Amino acid sequence: MIANFPYVTAILLMIFGLYAALFRRNLVKIAIGITLMESGVNLFLVSLGYRRGGIAPIYTLAPEAGERMVLPTPQALTLTSIVIGLATTAVLLALIVVIYRHYGTLDADKINKLRG
Amino acid sequence: MDAVVQVVLLVVILAAGFLAIRFKDLLSSVVALAAVSLALSLEFYVLQAPDVAIAEAGIGAGLTTAVFVLTLRKTRRKEEER
Amino acid sequence: MSKLVRTIGWLLYAPILIFGFYVIMHGHLTPGGGFQGGAVVASGFALLIVAYGAKGAGLKERLLSAVESGGALIFVGLAFLGLGATFFYNFLAAGGGVVFNELVPSGPNPGDLNTAGTLPLMNWAVGLKVLSGLGSIVLLLALFPGEEE
Amino acid sequence: MDILAHVPILVVGIPLLGAFATPLIGRAGARARNWFAIFILLLTTALAIALAVSVYQSGPRVYVLGGQSFGFTLPSGYFFPIRIILEVDGMSAFFALIIAVTTLLGAIYSTAFIAGHSGLEKYYALLLLLAAGMFGMVVTGDAFNFFVFLEITSIAATGLVAFRTGRAESSEAAFKMMVLYNIGGLFVLLAVAILYGQYGALNFAYLARLIEYSLLDVIALALFVLALALKAGAVPMHMWVPDAYPAAPAPITMVMVANTQIGLYGLYRICFTLYGLKLTPALVGWIVIILGLASIFIGVSMAVIQRDLKRLIAYSGIAQIGYMLLGVGVGLAVLGTPALNSYGLMAMKGGIFHIINHAFYEGLLFLAAGAISYRTGTRNLDELGGLAHNMRWTAIFFIIGGAAIAGLPPFNGFASKLIIYESVFKFNPILAVIALLASILTLAIYTRAFQSAFVGPQLPAYKDVREAPASMMFPMGVLAILTVLFGLFPDLVVKYLVTPAAQALVNQAQYIEAILGAGLGVK
Amino acid sequence: MEVLRTGSGFWSALVWAATALGSFLIIWLFSRAFESGYKKGTDQTDPFLSGNPPAPGQRVTASHIYWGFVEALKGYYQPLVRAHSGIVNDYLAWAVLVGAIIFALLGGLMR
C-alpha cells in the first residue's frame, strides 16, 4: 500500500500540471503547470528505481552481502530530465517576457495574432 | 518511521502543487512551486537518490524559482481576473 | 533589496561557492558531480543578482559565454580523445595515463581524488559549463528590458 | 585511427563540437563564423554520405559509446545491453541524408538572408545544435537518448524560430510551439519510464524482444504515437506548424521541415521496430491512416484561403505529411499478412520516397518565399504581384517546387504520389480517390499563389526589386536540380535509397539481431 | 534505362516525354486547321471584370481568386477557421483529445 504512494502522487501531480496548462489562460500559469508535470514525471522515474530496503547507489558504499542497492539508471535519467526541464522552463519564461513586451498582456486569449 | 515521513512529504507535495495552480497571485504560486520542489527533493532523499536530491534542491527550489521571480518582475504579478 | 538581504547574501555567497566547487570536485567519489555543483554555484550567482541587481553583481555576460563554450568544448574534446577505442572511452583510467589513473577504492575514504580517469576532468568541464550557462540565463533575464516594479 | 569505424557518432559529435566552438570563433569576425559553420556542416554531410554508403552496402551498423563491447553477459549466458548504443539501419541513414542536405543548404542560405542581425553566433550555434539533435535522434538505438535528442531539437528549434525577437509573431509562435513540444517530450519521457519500469531496459532492440503488449505497453504506445504525431504536425495537432513556419527565418523553415519529418521517423521506428507484430497492426495502421487522411484534407482546405505565402506553403506541407502517414500507414495495417508483399511494401516505399521529395521541394518553396520577402519585405499575396519581371530565377524555382508538390510529371512529387495512389487503391479505393482529389486542389492552390505573386504587370512598388544574391540562389538551384533529377530517375532513387529504408522498417528481426546476435538475450 | 515499377503501372521520364511530345504535335496539327478569331489591339485583350472597366490600380489579387469556391463552402470553412483560434490552450486541448481517443481505441478494442 505505502509503496504505491509515490506513484499516486506522481500521477496526481501530472494531472494537476496538465489541468493548469489546459484551463489556465495566464502564460506564467501554463509554465507553472508544465513545471509541475515535469516534477511528476521525475518522481515517477525515481520511484521506479526504488527497492525496499535498498541503499543509495554510490560506488564507495558497495553493499555487503544481504544488502542491495536501488537502481541507478532511473536516477541518471531523472538528473538528465531535471536539466532539460530547467532549460525548457528558462526558454518558456524568456519567451513570456518578450511576448509581454510586444502584447502588453499575459492573457492567452489575447495572444492570438496568428490564427486561421 | 520512514513511511510516516514519506506520507507527510507526499501530502505536502500534493497540497503545495494544488495551491500552485489555485493561487491568483502568481508570486504565491511560484513560492508554492518552490515548496513542491523542496519537498520533492526531500522525498528523493528518502527514496535513496541523494544525487537527484541535490540537483532538485539546487535547480527546482533555487534556480527555477529565481527565474520565475525575475520573469514576474519583468511582467506582472497578478493573474488577470476573468 | 533591503540591507538585510544584501548582507546575508554577501555572507552566504562564499560558502555557497565553496560548497558548489566541493561538489564538483568530489563528483566521482560522493553524491553530486559537475552538474549538481555547477547548479549550486549558479544559485549563488542568482542570489547575488537578486540581492544586488544585475549591474551590481559584477558578472560579465561575455566572460560567462566564453567559459560556457570552453567547458562544453573540453567535455566534447575529452569524449573525442577517447576515439582511439570508442567515443567517450575512459582512456586515462587504470594505467592508461599519468594522472587520475587509479581505480576508485571501495569503502569510505578521505578523498582519493587522483582516481577514475577522465571522470573528474569531465566533471570540471560540465561544472564550468553549467555554472556559466545557468548563471548567464539568470543574468540575461535580469538584464532584459521590461517593467520593473 | 579508422575514421569510418566511428562515423555513427561523428555525425552527432562534430556538429556538437561546432555548436560549442561557434561563439568563440564568432569573436574572430562574421566571415570566419559563417565559413566555420558551413565547413562543419560540409564535413557532416560527407560523413553522412559515407555512413549511408556503408549501411546500404553491409547492413545495420552498431556503435558503442565508452566501451569496447555492447554490454554484459551474466554467468548464465544471459546477454544484457547496458551501454549507450547507436544503431544505424537503412531508415536512419536515409534520414541522415535528408538532415545533412537541408542543414548545409540552410547554413549557406543564411549567410546572406540573416546577415546584419545581432547575435548571429548564437544563431549558427543553435543551427549546429539542431543538426546534432536531429542526427542523434536518427542514429540512436536507445529510448532514453531518443528523448534527450528530441528535447535538444525542441530547444534549438524554438530558439531559432524566436530568433527575430523584434517581431511579435516570432515569440508568439515559438511559445506555442515550445508548450506543445514540451508536453510531447514529457509524454515520450513517461512512455520511456513505463517501458523501463516493466522491462528494466532502454535499448530498442532489447525492448523489442521482450515487449508483451500488456496494458501498460498500450499506454506507452498511445503516448508515443501522440507525441510523435504532434512533432510531425499531423492534424489535429498541426496548429503550431502554420504559426511557426512563417515566423522562422526562411532557411530555418527549411530545416524545420526536416525536423518535423524526424517525428515521422520516430513514429515509424516505434511502431515497426519497437512494437512490430506485437501491436495489432490493422488497428494502429488505421489510426495512422486516419491521421494522415485528416492531414491531407484539412491541410489543403486551409491552404486555399491563406493570404500569407509562407503560411500557405506550411498548410499544403501538412497535407503532404498526410501522404507520408497514409503510405506507411497502409504498410503498417497489412504488416504480417500476405498483402504486405503484394502492395503493402510498395505503399511504404511510396510514403518513404515522398519524405525525401518533400524535404527538397518544400524546402525549395520556402527558400523562394524567403527570397521574395527578402527583396520586397512582404509575404502578403494581396500586395505582391508581377515579380517574374524582376526575379526570373526565383519564379522558375517556384514553378518547379509548386509543380512537384502538386504531383505534376516529370517532377519528383509525381513519382512518389503515383506509387502511393496505386498501392493505396489496392488497399482501399476511397483513400486513393481522396488523396488524388487533394492533389488536384494542391495544384489549384499553387496556381493561385504563383499567379498572385509572379504573374501580371510590373507593380510600381517593386520596380527596383532585384534577383536575390548568389548565396541564396545557390541552395535554391541545388534543391531544384535535385527535385528534377529525382523526378527523372525515380527508379534509381527507389532502388538504392528507398527500398533499403522500407526493408529496414519491415525487417524487425534484423534490427534485433544486430545487437543481440543469434540466440543471445533469450531467457 | 530502367523504369520505376509501381505495382500495376510504371513511370519513365522518357516515355512521358515522348507521349507529351506526340500529344503536342497532334494538338498543334489540329490547331493549324482552326481559324484564329483573336485580334490583337482590340477590346478582346482587355481584362474582363464583370463587364466593368477596371479602375486605375485595380487588379486581381489573391483574395479574389477562388472567392466563389470559399463562398459556396462557407458552412465548411467557418467552423474550420474558428477551430484555428490561435490560443495555446486550444492547441493543447486538441492534442489531449486525440491522445484520449487513441488510447480508447488501443486499450478498449484490444480486450
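To keep things simple, chains are lettered A, B, C, D and E as they appear, and every chain counts its residues starting from 1.
As a working rule, contacts are C-beta pairs under 8 Å (C-beta built on N, C-alpha and C of every residue); 3 or more make two chains touch, one makes a residue touch a chain.
Bear in mind that the values here come from a model prediction, so they are computed numbers and not experimental data.
Note on connectivity: the fewest steps through touching chains from chain B to chain D is 2. Taking the definition of touch as given, a chain qualifies here only if it contacts chain B and chain C alike; those chains are A. Ranking all chains by how far their C-alpha centres lie from the centre of chain E, first place goes to C. Think of the whole protein's Cα atoms as having one middle point; the chain whose own Cα middle lies nearest to it is D.
The pair with more inter-chain C-beta contacts, choosing from A-E and A-D, is A-D. With each centre defined as the average position of its C-alpha atoms, the distance from chain A to chain C rounds to 23 Å. Chain centres here are Cα averages; for chain C and chain D they lie 36 Å apart.
Chain B and chain E have centres, each the mean of its CA atoms, that are 53 Å apart.
For the pair chain C and chain E, the distance between mean C-alpha positions equals 57 Å. Contacts with at least two other chains are made by residues 175-176, 179, 183, 242-243, 305 of chain D.
Counting partner chains per residue, chain E shows two or more touched chains at residues 81, 84, 86, 88, 92. Residues of chain A in contact with two or more other chains: 18, 21, 24-25, 27, 30, 56, 58, 79, 83, 86, 90, 93, 96-97, 100, 111-114, 116. Every pair of chains meeting the contact definition is listed here: A-B, A-C, A-D, A-E, B-C, C-D, D-E. Across the complex, chain C is touched by residues 1, 6, 9, 13, 16-17, 20-21, 23-24, 63-68, 84 of chain D. Residue ranges on chain C touching chain D, taken from their complex, read 65-66, 68-70, 72-73, 76-77, 79-80, 82-90. By the touch rule above, chain C contacts chain A in their complex via residues 29-31, 35, 104-109, 134, 137, 140-141, 144-147. Listing the residues of chain E that touch chain A in their complex gives 81, 84-89, 92-93, 96. Here chain A touches chain D in the complex through residues 14, 18, 21, 27, 30, 34, 37-38, 41, 44-45, 48, 71, 73-74, 77, 80-81, 84, 87-88, 91-92, 95-96, 98-99, 102-103, 111-114, 116, going by the rule given at the top.
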